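There are two complexes below, and they share subunit A, which is joined by subunit B in the first and by subunit C in the second.
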Partner chain A sequence: MARTFPVVIVGSGAAGGMAAWALTQLGMECCLLEAGPLIDIDKQRELRAVFDLPFRGFGTPERFLHVVQASEFDENLWAGEKENPYSYPPGDPYYWVRIRMAGGRTTRWGRASWRLSDLDFQAKDLDGFGENWPLKYDDLAHFYDRAETLFSVQGRNEGIPQLPDGKLLPDESPDSPANQRFIAAAAKRDIRITKPRRATGTLASSLNLLLPAAVESGKLKLVTNAVAREVTIDPVSGRANGVSFVDRRSRREFHVAAEAVILGASTLESTRLLLNSKSTRWPEGLANARGTLGRYLFDQFYVKSVVQAIVPEARASRGQSRVTGGAGYICRFRNLRRNEKHPFLRGYVYDFNSGSTPNPKYIRGVGEGMLRELSDLQSAGFSLTTMGEVLPRYENVASINPNLRDAWGIPSLHVVHRYTDNEHKMAEDSRQVADELCREAGFEVLESHAQMVPPGESIHELGGCRMGGDPKTSMLNRWNQCHEIPNLLVVDGSCFPSGGAQNPTLTILALSLRAAEHLADTMKRGDV
Partner chain B sequence: MKRRRAIQALAAAPAAAQEVVSTGAEAVASPALSFFNASEMEALYDLCKLILPALGGRPGAIEAGVPQFLDFLLSKSSKADQRLYRAGMAAWANTSRRTQLLKQFEQAWTYDTPADSALIFPRRLKDDVLRATFNSREWLSGRRGGGTGYYWKPFD
Partner chain C sequence: MCSAILILLLAQQPFFRQAEADAPKQPIPYSHKLHLSKGLECNACHTNADPGDSMGIPKVAACMTCHTKIKTDSPHIQELAKAAAEKREIRWKRVYQTPSYVYFSHRLHAEAGSTCESCHGAVRERDVLFKEGDISMGGCMTCHQQKKAPNDCNACHEPR
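Right after this comes the complex of A and B.
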């Protein structure tokens, strides 16, 4: 029976799942549209030997051209590009990585859970580039606390200004001797290192931590296999009044009516949905009064294995006796203060780990000698990965490709995202520093490089529907409401005006929680 | 009815028990060549023996059926991958070029791509041969752990 919900939410990952959790815990009824199915993970997967897979773990050739994360074990999990196509300019590939199932990409995320600080929220104050966020760290701190508690984030509070302390499960694990040497080398340069911060638990996802409580509240109607087509507006009031969608399997068209609409479908899907919601009033996409929708797209660049090194005393399997082991996180150390002299703006961080065995590609030669060396290096590896801030630029934009539609007839995106000198220089700086740190720690460097992965591959795509104080240069206000349509909210990564170098999921969770509770409050007061 | 019950019981048995009486096709049958020609296949055998020979009771690439597997994999691969292998095998067949390829195996691995595209081939072949061997039934047989993962079935 058709009815009008107080709120309809699109997307069930970190953003949409958190909005559903927050609103239902406050007693508000919601309808949640999820493009994929609801999966019983235990029934959906089974243990298999790699040699029983058709391609011995190489993956089905050409099935995924842009999802390097897909393995032959899990390739059925990722959204395929035949049903979900998109385009990019020739020579500038964009890697759009998607999962369409209840829980979204939180079913496969790396769980790294970092806070941004005012160094990030107010970055323009330091270097004059871009726009500040319309909120400060103190506005979000309480919501970070709650998101960390919900996701049982483990880590260390170390009083590092650029990486605020949190409500963390303590990580008391000792550092291995190799890591201690590396940490000491970094300390000589005033570079701060901490333990990784990760969500813990069997399956720290929206599917496991947010949606069950929302469903249990009796306030949530979860509609799976609902591929959103358009946000609809009331022609008289101009307010959002629901979402039209296509049933994934039957291809039937539906419309769900609501008093407020929350988009949490992911950075690019929410942007696409707004761009596709055209009308006489909004010919360039819904609430897109000044052409900012889709623009200022960015992500965080990765240089995977920026340095691959060997811990010499861990050779001949001594690594297994705890010479190596464990992981760490190198906090941003560039441009923390005004007037630092570097050839780039902003900064980068590293993940590192020790105790792995280097990829055989790093071992010279073939045959017996190579195998002997590989055996000698078991557990002796030390490697770092750079994650760098990418500047949001007007030219990096997602728009509708008029000649491309998905399997449900919905127009698809054309994504233009190029890295610039700022990112290239930052990547090179990160290579040089990591190489020097490894050598200063007494490690043997096998290889260092500064090749960034293509835009999108980090799965940290952000921007496109950014928040801001000025409606002329932003889409959303400080409560994630569209400036032009206050009962339409966007709570996923598209709202970021800038993103720092920290993995964004915890910030998305905190923002969604904050926005949803504010919406509930204002709706109860009749202010929306 | 006895035969039917026996098959049903076999299908329901754990994987290890099934292997006692059933096996993968590769273990007992020769696959038809679908990408390499006979002389390329012969060269691929030589290269596999060079990269990962059987040593100390461990199977090598030949014992792991890597040449046949790569023939199958390449037949399904992208045109770019097929061109890379074709060019590499042609270079290997040329005696003077072969020396250059052999030198590539001794070079330190780097992210820089050689200007001569045929010189990419040794890196790629080494990667593929090692991976195909390390992921083979023959290599993993008898080893504890490793080589297994959660396979996600297709969605409805």
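Right after this comes the complex of A and C.
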């Protein structure tokens, strides 16, 4: 491309989309590179009929080995693993879930929108592990407000310190009788429960809420099917001067020049892009002066259906019971204070749902007996899922696999991510507490377990290019700029030094907004 | 490309006039306004069979309970009568359809106090029906929020 843009952004999901929105609203021209196509998501996400599917719904073999969320009915929406391979150590699988199209994973996200608090930003102060964020909650509060407003987040403000109140559309829906009983049982243990906070609106996505306004401003050049290969550097100044990319379909090589580069391609893709941007000056990856790039990778672990229970009075209602229904969110209650005695650091939260019908795997027997039992339990289920904080560790790392390339010849990642005793003990504690709470609420517990899903499956991968006050142990400063190259920013989940147990998208939106506006401000002053 | 995304996204907005222009052309002209003005109610033709999720689209036989005597000289009614005689149904075009990954119960909503107009718009004033009610996820969630109904995922989607 012949011209030089003020800013080039890689990725159009929550991070990249928000950066594009913020900069264009301030009148700055941007070029946005998106690896996938621009599609009509409403049309594409309609599930196809089973008779139209070559494998009749069982899935194309080996296309989505690690994307448990994908099925043959909607596999047109996910990034396939044959074109986009990666590796992990034998016996330690990592589940990397990707979507490559305009809007990124915000086209399919669960809309859960939670704030972190200083319990998370300054976690090291409480237990001495890891590093604090180089910012505090007050630095981000204003940006959370704006992200929540843009995404029409609905929920309840309940004054819970570890879950700060926000600019929310009120959720005044009643809790079902079963949920009320569960909430009362939890309250006896001083455990706080609130309603889920979710972005509302049709397709609460970057595709629908951020990119249209950016396009309408006339300041955005959106380039789709642009698979980023490398961030390029001016050999004289050492500054980032653009991004080279491959056209997904023609496989032709292009370069877009820019005065500043923002990476918002996702935790692992931005890390990969920097690792692949090697030169004599940066042989281990761009701005990777101390070998921290790719390290301190973490996510949030899930224990799906940690407890499956039954609400007894909803039995035999044939789904017509008004006893069950609705969802809730159990806020973190472990290690809120110094000196709590638990066999693990940090804490976990739960999502719970009532009113579902239990999976047949929980029912004893087969045949007619099982069908009768299932019919009896229709809408009588109550289940919880644990979401726990994973500690960022140096040993958990994404690096380049020299023997593996994607369909465009770009070197792929090798991801090493193992859960440790801390996560295992936390998961077991969550099983025990959930089991006890259900029994105290008068529910029948069908089964409980503490088996975490493999790392990555929660799709909350974070870290790898973390922020920090010390350039020796971090890649980015408090404004998401690389310590070594200030006109290169990374604004996605890779910048997290730690992540709490809350779903990270709202924090990514707030951080990207903050970083982009700061960049615009400094560029206008000529300071970058 | 930029203009393409703008067109695509603008097209998702419920622009009234566009929706009216996009009204599906029915195989036989039918006026909801005319029929409702004669004293019929919606559920006279659209029955809500158990378990109550769907409102039915009337069969030709239902039309013929009245039209064996009413307006029999109209060519359109004669077309209807011919279909009835041949035991053939008319392929009415659906105006509203929820996606396959959503479950929705008309009965539950009616019991909660919603009216047909809540989702389908001013049917009594329309000769030709078009998708003027917003049944997108945003439309549903906005209404649920205003009416203090749950917006939890499992209110409309099966938990996976």
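Criterion: the second predicted complex is superposed on the first by the 504 of 528 C-alpha atoms of A that agree within 3 Å, B and C clash if a C-alpha of one lies under 4 Å from a C-alpha of the other, contacts with A are read in each partner's own complex, and residues count from 1 in each chain.
Here is the rule we go by: a residue touches a chain if its C-beta (ideal position, glycine included) is under 8 Å from a C-beta of that chain, and two chains touch if they have at least 3 such contacts.
Just so it is clear, the structure is predicted and the values come from calculations on it, not from any experiment.
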Touched partner set for A:Glu46, first subunit B, second subunit C, both or neither: both
First, second, both or neither for A:Phe55, with subunit B first and subunit C second: first
Touching partner for A:Glu172 - first (subunit B), second (subunit C), both, neither: second
Touching partner for A:Pro37 - first (subunit B), second (subunit C), both, neither: first
Partner chain(s) touched by A:Pro196 [first = subunit B, second = subunit C, both, neither]: second
Partner chain in contact with A:Leu509 - subunit B first, subunit C second, else both or neither: neither
First (subunit B), second (subunit C), both or neither touched by A:Leu210: neither
Partner chain(s) touched by A:Gly355 [first = subunit B, second = subunit C, both, neither]: second
First, second, both or neither for A:Gly325, with subunit B first and subunit C second: second
Shared subunit A contacts, counted only where both subunit B and subunit C touch the same residue: 45-47
Subunit A residues touching subunit B - in the complex, by the definition given at the top: 36-37, 39, 44-53, 55-58, 60-62, 71, 73-77, 101, 249, 360-368, 371, 446-447, 449, 451
For the subunit B and subunit A complex, residues of the former touching the latter: 15, 24, 50-53, 55, 69, 73, 76-78, 81, 105-111, 123, 126-128, 130-132, 135-137, 140, 147-156
Residues of subunit A defined as touching subunit C within the complex: 38, 40, 42, 45-47, 69, 102, 110, 154, 169-174, 195-196, 198, 200-204, 207-208, 211-212, 215-216, 220-224, 319, 325-327, 353, 355-356, 383
Residue ranges of subunit C touching subunit A (in the complex, touch as defined): 1-6, 8-10, 12, 51, 99-101, 136-139, 141-142, 144-145, 148-155, 158-160
